[in-house]
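First chain A sits with chain B, and in the next complex the same chain sits with chain C.
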Partner chain A sequence: MQLPQFEYIRPKSLAEGLAALAEHGDKIAIMSGGSDLLLNMKFRLEGPAYLLSLNGLSELQQLEKLDDGSLRVGAACTLTHLAEHTIIKECYPALRAAIFVVGSRHVRNMGTIGGNICLETRCWYTNQSKIWRDTREGCFKTDAEQCHVIKSAPKCHALNSTDSGPILMALDASVVLASHTGERIVPMREFYQNDGVEHTVLKPGEVLTAVVLPPAKGRSVFRKLSQREGLDFATGTFAAAVIGSNEQPESVSLVLGSVAPEPRVMPQAEKILLEGGLTDEAIDAAADVARRALLEVTNLFTPTFYKKRLIKVLVKDALLELRDQRVRG
Partner chain B sequence: MAKAKIKNNVPTKSRTKEDLAVVGKNWSRLDGADKVSGRSIFADDVRLPGMLFAKVVRSPYPHARIISIDTSEAEALPGVKAVITPEDAKDIWIGISQPLLPTENVTHVGHEVAAVAAMSEEIAAQAAALIKVEYERLPELLDVEKALKEDAPQLHEKAALNIGWQQEEEHGDPDAVFAECDVIREDTYITNPSHNCYAEYHVCVADFTKPGKLKMWTPTQTAHLFQQSLAAGFKLPASDVRLLTLNTGGGFTGRTSTRPHHFLAALLSRKAGKPVRLRAAGDEEFIMCRAGGKVIYKLRSGASKDGKLKVIEADLLFDTGAYIESQMIVTLLTSKYIHALYPIEASRYRGRLVHTNHLPYYFHHGGGIAQFQFALGQHVDALAREMGMDPVEFNLLNAVEEGHTTMEGAHYASCGLKECIEKTAAMAGWNDKYGKLPKFKGIGIGIGAMASGAKGLYKHDTSAAFVKVTEDGKASLFVGLPDMGQSSHTTMAIICAEVLGILPTDITVISGDTDTDPLDIGAFTQRGTFNTGNATKNAAIDARDQLAKTAANILEVDEAQLVFRDGKVYPEGQEDKAIAFAKVVYKTLHSREGRFVMGRGFYNSPLEKGTMAYSFGAQIAEVTVDPGTGVVTVDKMTASHDVGRAINPRVVEGQIDGQIFSGMSQVLYEETLMEDGQVMNPSRLDYKMPRAFEMPEVDHIIVESIDPNGPFGAKEVGEGPIVCTMQAIANAVTNAIGDQVTEMPLAPWRVIRAIKD
Partner chain C sequence: MAKQLIALTVNGDPYEVAVSPHQTLLEVMRDSLNLTGTKRGCTAGSCGVCTVNGEQGEVILSCLALAVEWDGRSVTTVEGVEEGNELHPIQKSFLEHGAVQCGFCTPGLIMSAKALLDVNTSPSETDINEAMAGVICRCTGHIKVKKAIKEAASVLREREVNHGES
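Moving on to the complex of A and B:
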């Protein structure tokens, strides 16, 4: 399969890139590593007239410790660079774990943190070649008002498979969104939307330029289930961050990924752990909340009964691991 | 001429490793450096002057009537050089029952309807999109069992109840034997559609520009049968079709017969007057591959209370898809393997190929035999357990031995099956583990037999070889056997070098052109080492005999006393009198006779049907099942294979490893998911094969039974291992969770479903 025709724009500065974005409106797509976008273009899921590359912009490739102890990570840092970076390894091990299971080494060498956060949603019916798709009617992502995954649904139910999103949400990170008119900062917990077509709050003309991680505090964990080791999208991911002791946690943040068009924050389960502490019973109850939260989506590989069970196991095992981690100051 | 008297070539059982100079040593592949450095070229690398690029228009529906095809817009597109529709393909048939392009109905998603050739792939794709085909949908058959129902629509006029082919075989009196049995067991198993998973996707370059002469570059397991098939399709004498095989990136039974794209490229080339390249673009590969479809196996067997297996009955239902291509071969083969392993008293077999609106299926990797053994191996394991017997003990009690002749007439001139079972069990520590492992850890055994060659599928099973000895003391070996990664060319060079007494690295293997290659049916049914190996040996003996005359004259001894070894020729026991091999060649040529040394040889099974050699094996799998997720991890495989003689032990181990990987991949991961007749996971991303991370540790035991008919005693290792792997892993899973998972792949959700809480 070959790429469609497009004009390649490689700006010398972010400002130049933002100007190009403003100029070309919906005819332009932003490329960072390209590991996902180029495949979608080959599938004719996207056919931008212009492709704006962020690759040459060193201002997007920096890691910077801010005055308040936060870490600002440039959006175009490659996943390999971050996974091997000392600060990430030492201060944000759960983030490193999430980054390290993205695709394969080759994908991580090209792919960036910004790209992984913004990863397009996927489904069995749409992420196929154009000739394949033409054998069926269209859907919300193409040219019709229907979803093949859930037939009666009023919106797109493609899955959000970002590996880094859930843990960044759990760690209470924020993202910097820039356009030619200025910047805004959006908490990761407010970045995604439950719609496979408009799955982030990014507006036309905006680009994600950085992620800001609050100072490392407490404990965190990330787990991914997939059918094979590496080079696979998750059948489920789970991220959790806890500040305080097992008995009396001060804050609990739980996020389930790869089961819906957005990573799912689980307030009900958070409340159970916050009130009950990380006891066996509370952990089991929290995992059960996750299990029940799953929609009755049948996916060819994994019947719903199995997927629900899988999610419960995922959440429970991750929380047990978290409970055993040494409590940090 | 003194034949087979010369010392270093007597393939008897008494020969030890020390007698052999190069056979049995580890040799690097002759093409290894070229492969890893990227110097090797493949069909996709071929660029001819003026070459065009083709694209196929395919049916979006499983079943529909073609109302009209409008090619006008496509033909008007600049850069388009030829468009073909069913009108252009009249009377061209592929396989036995399929018209190249359908004149009335399309019968599966992806069915070829038209094709274009253009100056670039982009233009060809644009043009293909401009071809307008109007269809009228017809009732669809998407389930093999429903297709058998009385009220199901009938797909082909001649196939009542949609049964396209049925094979029934009975040996002995199964009903009488069942009546005598103390234990009778029945099980049903299912294997699902798969892809052959070779690395090189389907591709061909056709040059049909010269009237009546077709040249084609394409990866293949059998250039000879491709040549025959294309010649029949285009009504040409076979010698006017020239098949050129460069390197072939894996076969796995996926390249044993031509596919529509070979014919379409040729037809486009003839029409356009230019060479044409046609290749699978991404997901198209999953339509062009057409490996095996779904199969349902109903098995029933009986034993006496002392543990003797007496009778096996098998009823196999194959989803054969829209057309029957070569799947009758799968019923022919599986019907033989029902009594290959156990000397039973009676058997009954029924295999039915049932039409559906799925792809016309060919072979699973493992030829259908490995999948059949997945079912039979689990069934026999369950029978043993039901009788309270240890499966290893049961297999040892029942396994065939040397000298056995099966009810179907296969004679085992050599057989190391019991030795394989014993050695594998000992090395794996079976007795310390079976029944003694913690919960969710399991151990299981799988045993198998495999024929080297399959005379009877065709009238002959011939391989031939030429050897050309050059003045510098080296040789060129011409064979028609392709090397698609199994290292067959290096194996042939070792055999040739052993006879001539030189090194495998002194041999250049020339192959891949039907204009120059001696005939060879091809690399399938594990016939390469045995058949082509014997042909190579015979050709090398012929060449050596020509040299022996000269050497005997120089050394003034009898030809029968000569030893050819280490690049020298000498009378036995008198190495001090040795003359260089190259000198003998030189003297033969630079003489009054001026003889240029060319050896020729061939081999064909002397039997009316079947082969002279069968190989055997046993594998033990050790697994861990995660009771939460159902994920099966293969911790270790112990594999023991009777290969006759390991010509190149390193390659034998490589073949075992490769097949364990593929067997594990199929039994635990691989499935072509179908919905509405369409492949849902047509990519290496969504069609799950494991990666190197999942490869278990493997212990190899090579058992050498030294077959009296094999070249230096060799049989095969091309498929013997994979027929053991799937059943061994499945049995280990059963051992871990306490119940069988009867459907392949053993996906985690199927394992969870089988675990009784």
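Moving on to the complex of A and C:
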């Protein structure tokens, strides 16, 4: 497959890049690693007239400890760089686990954290070759007003497969979104939307420039299920962060990934653990909530009945592991 | 979509080549530079046969890298692995263990193995699996490949020891 043609823009500074974004509106696509965008362009799911490359902008590749102890990670840091970084390994091991299971080493060497957070949604219908799609009806992502995953749905139900999204949400991270008029900071929990086409709150002209991780506190865990261990999109992911003791947790954050167009926060399950502590019964109940929260649809490859069984086990296993972790201050 | 002149070093040889923005590193190496050792597989980042090594020896999928982004940089392909006129220990080991069936994925396997062994000559089973997960052999499997990598690793370890003594 060859790439469609486009005009290539390589800014010398972020400001120059933001000006190009403002100028070209929705005709421009942003590329950092390229392992997701170029693939979608080859499949003719995207055909931007202009391509803005963030590679070579060293201001987006920095890791910086802020005064309040939080960590600011530049959006164009490669996944390999982060997975091998001492601070990430020591302070955010669950994030490290999530980054380390993205694609293969080949993909992680190219792919960036910003790109993984903004990863395009996928479904079994649209993520096919153009020839395959051309023989069938279109959908919200192409040229029609329908979704093939859920026939009667008024919006796109493609699956969000980001591996880093759920754990960043559980860790209460924020992202910095910049445009030529300024910056805004959005908590990761408010970054995604339940719509496969408009799956993030990013507006045209905006680019994700950094992730801010609050100071490491408490315990966290990340699990990914996939059909193959390497180089595969997740069947389901689960991220949890707990502050406080097993008996009386002060805060519990549970997020399911790869189950919907957005990573799913599970407030009901969080409440069960907050009130009951991390007991066997409470963990069972929380896992059951996760199972029931899934829609009865096959977004990508895994049939729902199978996924529902898996998710329950995934959540339970992860929470039991978290319970056994040493309590940190 | 004007063409742009880029300076690209492949296996130590400098090239100047005019590329369009939409051309990948793989296309430029194969079609413009006639370096066809690197294979064109799925072209979608799934199979890994187009693997080349970047400036730090890291594995890169040349099918998903824009050639314009490699202006002023250098890559190593399977054509640049041999040492003088001798095959690299990894290549020798692949031959000895018959870790080749149709051979199409072999350049990708060799480059991925080299990236691993360049930084770690005592890889564990997990290290090897993790390093090789991005390359898929459709013919047979990875058992002989893994044997070959372990053997090559021991040759390279011995070499390190000898170098240390001299």
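Everything that follows uses one rule, which is that the second predicted complex is superposed on the first by the 324 of 329 C-alpha atoms of A that agree within 3 Å, B and C clash if a C-alpha of one lies under 4 Å from a C-alpha of the other, contacts with A are read in each partner's own complex, and residues count from 1 in each chain.
What we mean here is this: a contact is a pair of C-beta atoms (placed from the backbone, for glycine too) under 8 Å apart; a residue touches a chain by one contact, two chains touch by 3 or more.
Worth saying up front: this structure is predicted, and the values here are computed from it rather than measured.
Of the two partner chains, chain B is the only one that A:309 touches; chain C does not reach it. In the superposed model, A:135 lies in contact with chain B only, and not with chain C. In the superposition on chain A, A:1 makes contact with both chain B and chain C.
When the two complexes are overlaid on their common chain A, residue A:110 makes contact with chain C while staying clear of chain B. Contacts of A:231 after superposition on the shared chain: both chain B and chain C are touched.
The intersection of chain A residues touching chain B with those touching chain C, taken from the two complexes, comprises 1-2, 42, 229-231.
The residues of chain C lying in touch with chain A in their complex are 1, 4, 20-24, 27, 43-46, 48, 51, 54, 58-61, 64-66, 68-69, 112, 115, 129-131, 133-135.
Of all residues in chain A, those touching chain C in their complex are 1-8, 10, 34-35, 38-39, 42-43, 51, 53, 55-56, 80, 103-107, 109-110, 229-231. Contact residues on chain B toward chain A in their complex (touch as defined above): 58, 60-61, 109, 121-122, 125, 281-284, 628-630, 669, 673, 675, 678, 680-682, 685-686, 688-691, 693-694, 747-749, 752-753. Listing the residues of chain A that touch chain B in their complex gives 1-2, 42, 124, 128-129, 131-132, 134-135, 225, 227-233, 300-303, 305-306, 309-310, 313, 317.
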